[in-house]
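Letters A, B and C mark the chains in the order given here, with residues in each chain numbered from 1 onward.
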Amino acid sequence: MDGFSWIVLSPIKQEIFLSLVGMLLLLVGAFRGKTSVGFIVTAVVVAACGAIAGILSGDWTPIDTLSGMLIVDGFSEWMKVLILSGIVVSLLLSVSWLRENNLLKFEYPILVLFSGVGMLFMVSANNLLSLYVSLELSSLCLYVLAAINRDHLLSSEAGLKYFILGALSSGLLLFGISLVYGYSGTLSYVGISSFLETAESMPYGIMVGMIFMLAGLAFKISAVPFHMWTPDVYHGAPTPVTALFAIVPKVAAFGLIIRLLVGPFAMLAQESAQIIMVISVGSMLVGAFAGLVQNNIKRLLAYSSIANMGYAMLGLLPNVPEGIAGTIIYLTIYMVMVAGVFGILMSLKRNGQSIETISDFAGLSKTSPFMAYAMTALLFSMSGIPPMAGFFGKFFVFQAAIAGGYMVVAVIGVLTSVVAAYYYLRLIKVMFFDESAGNVDENTSLSRHFVTVGALVFVLIFTLLPNHLLQRAIEAATSLFS
Amino acid sequence: MIGVLAFYAFAVVLIVSSLLVITARNPVHSVLFLILAFFNAAGLFVLLGAEFVAMILVIVYVGAVAVLFLFVVMMLDIDFSKLRNGAKQFAPLGGFVGLALLAELIMLYQVWPNPPPLLEPDVLDVDNTKALGNVLYTQYVFPFQVSGLILLVAMIGAIVLTLRTRGGVLRQRVGAQVERSEADSVEIQNVSVGTGVSNV
Amino acid sequence: MILGYIAVFAPLVAFLLAGILGRKCGDKFSQFVTCTAVLMAAAASVQLFFTVILGSNPHTLPVMTWISSGNFNVDWALRVDQLSVIMMCVINIVSSCVHIYSIGYMSHDESKSRFMAYLSLFTFAMLMLVSADNILQLFFGWEGVGLASYLLIGFWYHKDSATAASIKAFVVNRVGDLGLLLGIFTTFIVFGTIQFDGIFNAVTDHTADRFDFFGYQIHALTLICVLLFVGAVGKSAQLGLHTWLPDAMEGPTPVSALIHAATMVTAGVFLVSRFSPVFEYAPDALMIVCVFGAFTAFVAATIGMTQFDIKRVIAYSTMSQLGYMFFALGVSAYSAAMFHLVTHAFFKALLFLGAGSVIHAMSDEQDMRKMGGIWKKIPVTYAMMWIGSLALAGVPFFAGYYSKDLILESDWASDSPVGHFAYYMGIAAALMTAFYSWRLIIMTFHGKPRADHHTMDHVHESPLVMIVPLLVLAVGAIFSGSVLYGGFAGIPHQKTVESKATEIDEIESEMKEATQDQMEHIIKSESADAIHETVWNKEAFFGKSIVVLPEHDSVAKAHHVEKWVKLLPTIVGAVGIFLAYLAYMFIPSIPAAMVRIFKPLHILFFRKWFFDELYHIVFVKTAAALGTFLWKRGDGQVIDGLGPNGVAALSQKVSTVLSKFQTGFVFQYAFMMMIGLMVLVTWVAHAMGLFDLIPQFLNMR
């Protein structure tokens, strides 16, 4: 056994740093109470930014550590930057909203931070045990966050629903893990994959274990048929928490799934592709169709995210680096777009109430034209209209799916994206052509504007840099296969 | 031979009591059956030679968790039969789904003839507790530490969701008491005879 | 080198300046900028005439990379060779005249800037067309002139007839453009390139290529040529796609002069000449060109005799003259066609501008029946119209005489049935041309005034700014033929007249044995004998920009035709003029009598051979009916009903059903998850063949 030298811990120094910061800030909060909230938020944001800088400046030759519990490589680098940026962005978005709605508790940023740490571990997990504990760490924080508006009926209901169903999904995941462990005799990714490589006959036990595990994980990315919680939780949770849910955890869960599929279960690629295909097609269909009749913007975004997860999964079908690269680019773009949309959503108020329904957007182009145009650009991007970024995301995953021979799935994807375009365009129509239902207050918060404008710029100029980004993404994805 | 008999005894009682947990009409009975199930599970662990885990199960689950459940169930007045009514209409479909999954799992077991043999520790040689301790801080230090974080988060969550600061509660503030200076607390007044203190 | 750029891009600069700043800086500014630019371009192209043609220095000027996609590379470049320089000279000179003339003609109009900008745009597009280095660039110019033509025909957009005419011109031209596009595609398929050099150098390798088209074996080069010719038919208003040209007279008169007489309509002639290396290997296509040209020349002339609108008469005359050019092309007499193109540009622009001057004088009256007796009031215009008509009718020593005679002689000399057919049609058309030209002059200028007093009092000579361009063009109409004859016809006129029969036999026997190289040598040596400089023969004049196979060289043979062939066009011209005087001046009852006697024929001619009516029934009405059917039944009921609307309704239903699943009950959600899990396990087990193992397993037991 190796001792805890710096060599062992250095690959995960960002995570250790963030956990220590989190505990320290917890102490600060506990002693100083409400007065320290501003400081804590700032500290969390700064620490996360520091961690991003540390990750970007690091060397990402694949290395496993802590007895093979964790692995860091180019892929985890990409995902970690994504997760931490998501954390930072969601905090920037939420602070002033929470303050206005009297929800800002010092635990909020700390819980966000800890869930972030859990997610960072998730994308580095190299062992079923570390997979499970890191997943639980991040999920537990999210359960609490969903219910953080404890005096609000919808919010606590959302938290409870999320918690119960999450526990069920964890049960499925654990059952799958135990099946895999039982039939392969090991928990480590490397061990499982080498066991599968040398297996003499079809390893049905591990296969079913994998199905259970994927079912448990599909819950986390709200893929059909494990998506039922999503609209209710998105609707019930306070908007900043919804933004967090939409932006970050899915990316982390995707990282986990990708590593599972190309690592331990690489030999079961055919079977896993069948599962991914079913849930991807289901997600695209449900996300596109069920969104049509929604009137609440947050529910709409929930269905939109379900559909988007379906698209992102298309890239996983062929199990090749190009496909994975397509998926992670898709996730990156999706994250930015959603951040922008939530930035706008939280900036708008009508009669002192946050905008909730689609009809609240009526006539926005007249009352706050910048917001309306920014929203339009983002929605165009989400419906995949070139030259916005969203088009490229879809293009890459569809391309990967078609190259892998999944023509039918890709065609379904294109058709559902047409259906989904309806609800994005309807919002635009409401903003520009409907009679205004009264004044909309635009409350300005510098950080929120920063996020919105940043997302807008990214969406608009993405068309200039897709090749560069794709190259980086392929490098990241290739690191998984080495 | 005795071991095999004991295994089946524990196993049967475990399954039956688990079924009773979800079918019993009285919630208190449910919790009691749950405790019975825990005990039987602990018995199975003992049969495997994992006496430490068995003890932990009894102490933590029976001693703490189940008792907590019991308290909650007894204190909250929830009409479980009402809740069940909703579930009953789905019972046939639920039964079908459950049976189908079970059938598939059984089939799986049959099709996969030889699960690889697991490592069998020499029960008599190594002290159970010591063996756990050996790996807990070396090989499994990461899950162990993250579990610690999970517990921390659980604690934060519980506090965030439940702690309420009520107004009007009198508390002893030691710091304030110590900080008190003479100037704050004592005022010397020159009282003339017969007038008394007027401005208190 | 820079001359080429100036000649092409000066009008573009003028267009941009006038178009963008015109409103701000006023009409004077626009007029000044556009006229200066076009004059500069004209000067540059005249200079190019000396360096490129007389100095034998064809070259290509690069502009920029355009398309680079796979093995398909297209660059913008200016091909400044003899053919394009001739065109540039014509375009820029006529355009300058028209620009300056427009200052006077449009002086009462409100949007002068717009007009000048459009004129410059047209000039640029036309220059782009002729200086193209590949077919795509040519197509760019082709569409550009179409656009400018559309804008200018519909310039007075408040007039319904103008708008309708502009749309008609555009739509009819689209038919031709489709042919041209298909021709471009076919060219790319056959040659793998659309650069002119690449195509022309590779022609000999593809002479045997054939396409399999529904079982028919089609000669590839013939197909290309026919498709390109379809484009030319549209743009040059040949029979079939000609209906837009008379209607295009709705545009201002300077536009008619520039676009619908001198330049744009000759684009088809240019296109065929440019592709002479390909057409030479597609004799069937040439035959089609020849027949189309001959019919056009004849039919247009018959219509021209009966019309009363002064501009329409000239328009049909243009169509007829274009027919001449095409039947010259059809017998490989490319240089003759180009020659007629040049002379025609001068005298037809002159006629149009003269007509414009008349219309200007008559307070915008265009009907010849309401004119007459004004020749003393506008003597200069009268003289100009005479010069133009003399040139048009082919009266000796005017420009038209040389070019028209050369065409007719070439057709006869080609010794082919179609050539002889074209010759006779041409002679008939020449007779009619002379007739309707003088009919126009007499009706317009002589006799008793038929206009009201008010108009007659206002009749006045046009201002100087309109007269000067007329004078310039008149010089061209008189002298361009005699001066350029050597260059286009190859051998000096005088010499051929004197040449003896023995000499002809000698040369012909030599030609039969000669290879191409020797052939050039012979002709060079022959022309060296001539009085003129070496450049004044056809081969040196055109260099490699026009390719004629020795056995097709009808222009060379044209000098050796029988005497009556040469004299006949002049004689019929004189007869036509005489008849016109007879019918309209001396015995005015003749026309009415003729109309009575040949009533059906007159109606046929007067109603323009019923082309418009036919097209209206065959195309417009059927298209409208088909459109209505597809719209109401096809689109409205079938596609919308089952498609968008049906799908939308279905989507809403699906959506509502899906929302019903969202009950809000946790246990139902959990239940859904379990069902989903079961479905997944079953699906994968099924896909992996797990169920197939069950019987096997049962047997094992």
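We take it that a contact is a pair of C-beta atoms (placed from the backbone, for glycine too) under 8 Å apart; a residue touches a chain by one contact, two chains touch by 3 or more.
Quantities reported herein were computed from a predicted structural model and do not represent experimental measurements.
Enquirer: Looking at A-B and B-C, which pair shares more C-beta contacts?
Expert: Comparing A-B with B-C, the pair joined by more C-beta contacts is A-B.
Enquirer: Looking at C-alpha means, what's the farthest chain from subunit C?
Expert: Taking each chain's C-alpha mean as its centre, the farthest from subunit C is B.
Enquirer: Averaging over Cα atoms per chain, report the distance between subunit A and subunit C in Å.
Expert: About 62 Å separates the centre of subunit A from that of subunit C.
Enquirer: Could you give the separation in Å between the centres of subunit A and subunit B, each centre being the mean of its C-alpha atoms?
Expert: Between these chains, centre-to-centre, one finds 30 Å.
Enquirer: Provide the C-alpha centroid distance between subunit B and subunit C, rounded to the nearest whole angstrom.
Expert: Those two chain centres are 92 Å apart.
Enquirer: Which residues belonging to subunit C are in contact with no fewer than two other chains?
Expert: Residue numbers touching two or more other chains: 668, 675, 677, 681, 685, 690.
Enquirer: Residue numbers in subunit A touching 2 or more other chains?
Expert: Where subunit A meets two or more other chains at a single residue, that happens at 204, 208.
Enquirer: Two or more other chains in contact with one residue: find those residues in subunit B.
Expert: Subunit B, residues with two or more chain partners: 104, 108, 111.
Enquirer: Show which residues of subunit A lie in contact with subunit B when the two form their complex.
Expert: Those in contact with subunit B are residues 1, 4, 19, 23, 26, 66-67, 69-70, 105, 107, 110-111, 114, 117-118, 121, 129-130, 132-134, 136-137, 140-141, 143-144, 147-148, 150, 159, 182-185, 195, 203-205, 208.
Enquirer: Using the touch definition up top, name the residues of subunit A that touch subunit C in the complex.
Expert: Residues 160-161, 164-165, 168-169, 172, 202, 204, 207-208, 211-212, 214-215, 219, 224-226, 228-229, 231-232, 270-271, 274-275, 278-279, 286, 289-294, 419, 422 of subunit A touch subunit C in their complex.
Enquirer: Touching residues of subunit B toward subunit A in the complex: what are they?
Expert: These residues of subunit B touch subunit A: 104-105, 108-109, 111-112, 115-119, 138-143, 146-147, 149-150, 152-154, 156-157, 159-162.
Enquirer: If you look only at subunit B, which of its residues touch subunit C in the complex?
Expert: 86-87, 90, 93-94, 97-98, 100-101, 104, 107-108, 110-111
Enquirer: What does subunit C use to touch subunit B in their complex?
Expert: Touch residues, subunit C against subunit B: 665, 667-668, 671, 674-675, 677-678, 681-682, 685, 690, 693-694, 697.
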